[in-house]
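Residue numbering begins at 1 within each chain, and the chains themselves are lettered A, B and C in the order written.
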Amino acid sequence: MINIETLMHLLDLLGTFVFGVSGAVAAINRRLDIFGILVLSFVTGNFGGITRDLLIGAVPPAALINAQYLLVSILAGFICFFWYAGIDRVRSPMLLFDAAGLSLFAVTGAEKAIEYGLSPVMSALLGMLTGIGGGMLRDMLITDIPQVLRSDLYAVAALVGASIVVIGHVVGLSYGVSGSVGLVSCFALRYMAIRYGWHLPVANISAQRRAEIERIDNER
Amino acid sequence: MINIETLMHLLDLLGTFVFGVSGAVAAINRRLDIFGILVLSFVTGNFGGITRDLLIGAVPPAALINAQYLLVSILAGFICFFWYAGIDRVRSPMLLFDAAGLSLFAVTGAEKAIEYGLSPVMSALLGMLTGIGGGMLRDMLITDIPQVLRSDLYAVAALVGASIVVIGHVVGLSYGVSGSVGLVSCFALRYMAIRYGWHLPVANISAQRRAEIERIDNER
Amino acid sequence: MINIETLMHLLDLLGTFVFGVSGAVAAINRRLDIFGILVLSFVTGNFGGITRDLLIGAVPPAALINAQYLLVSILAGFICFFWYAGIDRVRSPMLLFDAAGLSLFAVTGAEKAIEYGLSPVMSALLGMLTGIGGGMLRDMLITDIPQVLRSDLYAVAALVGASIVVIGHVVGLSYGVSGSVGLVSCFALRYMAIRYGWHLPVANISAQRRAEIERIDNER
């Protein structure tokens, strides 16, 4: 029988793989070479966790100690390199895998921050950061504004999942229970955001001000 | 009576707030959603200090231990979200607040680096980094070249303020004295740079070479 | 007689200088002011090593402890500022210096990671990161996609040099031998990549898919 530790670890590797695929696809779309593809694959799957580890003082970061993360990332990169057309066709299932990766990273990230003694609020935020950090650097490396800053309920889903783990810890639930509820909640929220096109609000700007901003942007 | 520690802490929070506002306004101008606004607000107000703390080995960084910084950043983000039109109208006073934030971060950043045993020169540079780091990541996240790399005496003002603290430490002045002088000097320099349009020089490029660079840029 | 430690340190400073020049030239081409030039000079010459030091837990990073790196970076920045036309003319020799800097950073970076107890594979990757990290942040600061992600055998040369050091360590060679072989191999590979235009492959994309990507990019 498989225990919860092993299961979480396998899911963690699955999350790394799926995020790796999203990084590799972004790299291919920008015509990066095979090295650039592997870098974006690794960065997207691991940078969130690396940043969390640096911030909580867990150095060297887990992604640099356990070579499995590297291997999984490289695998994702090579698969995309050789079967781009195939990967490109399965985009909808990929979105679900990505939601699974996000959920898992948010939950495990929050748990690790708690273990390192951070406050509940900060642990929830670090869980969210673990989930979204990789995709943010992926977008910055290809000079896009990070999608997570302007797309549908992505970071919020991660924050909800991480918060459930943290609240569970505060009220004394076992990690098995709070982690599972966090996972499912994050995934469900993200799924519904994709399914029904839920977005966060943007601020109101007067038409006049908006025209002014666009004029300034164009002058650059 | 309010003591100097409390005063510095209050000014520190004020600096975080004002930088948070500048991050939120940048996010709104780029049509980011409310999550993106809050992220840019937090990043602009805290990333300089977080980077300094990572570099000197003060982990977890102060901004992740004391929740007041997070609260102030979120407050700044929400205020901008709901009253953008109002915030947008008070830009000149905001520049002064921003100069105050810069001065304060430069001074407290240098002091913290000294406390952690860094050399005088590096402490001054880390003070400057504390002041300018948040704005740099703000600009990178919205894919602008950081303003501080090409605008008027911004970083130099921070460096002057931080250097005064460091020199004061070397010659044995109390932090109350050197910190105050550093604060006022940085603020005055930044104020005059805005008021009189002082700029740093750029390198001379021949007209021929400049045309060549522009041609290469356009071909991309 | 000069010993190997001193020689490596001198070469390290030379690498910092040459990378500093490449950062300063990039800054001048983008019309940054003298402060921006100095920042890019420092970042390009030191960020790779700083990132490595943060990841392996060597804080404060060496570049912040030993002021020689700062001095060399500033020197590179000022030389470019005052003699841009001259520097711009010697581009081919500069490419060779850059290859020397890359080789050296890859070798010393891998050695340092080994000393801090990282695994052979991760030490090789951290050696590569030491060599390419500075140039990556340089490009991100001026909002370019990092050249190393899509140019000729640059990172691969660094990885080969770093791997030789690591393999030498595993099989018990002295650092003097493995370091020298690593240096020469990285330099030779990089030189030949420049000389013969060797590139890494990019993924195959159908013409239809490529047109679609371009259309999406243009709509942004």
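Basically, contacts are C-beta pairs under 8 Å (C-beta built on N, C-alpha and C of every residue); 3 or more make two chains touch, one makes a residue touch a chain.
Chain identities (UniProt): A, B, C = Glycine transporter domain-containing protein.
This one's a predicted model, so the numbers in the text were calculated from it and none came from an experiment.
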Shared interface numbering between chain C and chain B [over half = same, under half = different]: different
Rotation angle (°) superposing Cα atoms of chain A on chain B, nearest 5: 120
CA centroid of chain B to CA centroid of chain C, Å: 28
Residues of chain C touching at least two other chains: 54, 140, 143
Sites on chain B touched by chain A in the complex: 27-37, 39-40, 50, 54, 59-61, 64-65, 67, 70, 80-82, 84-85, 88, 140-143
Residue numbers on chain C that touch chain A, as the complex places them: 54-57, 116, 118-119, 121-122, 125-126, 136, 140, 143-146, 148-151, 155-156, 199-206, 209, 213
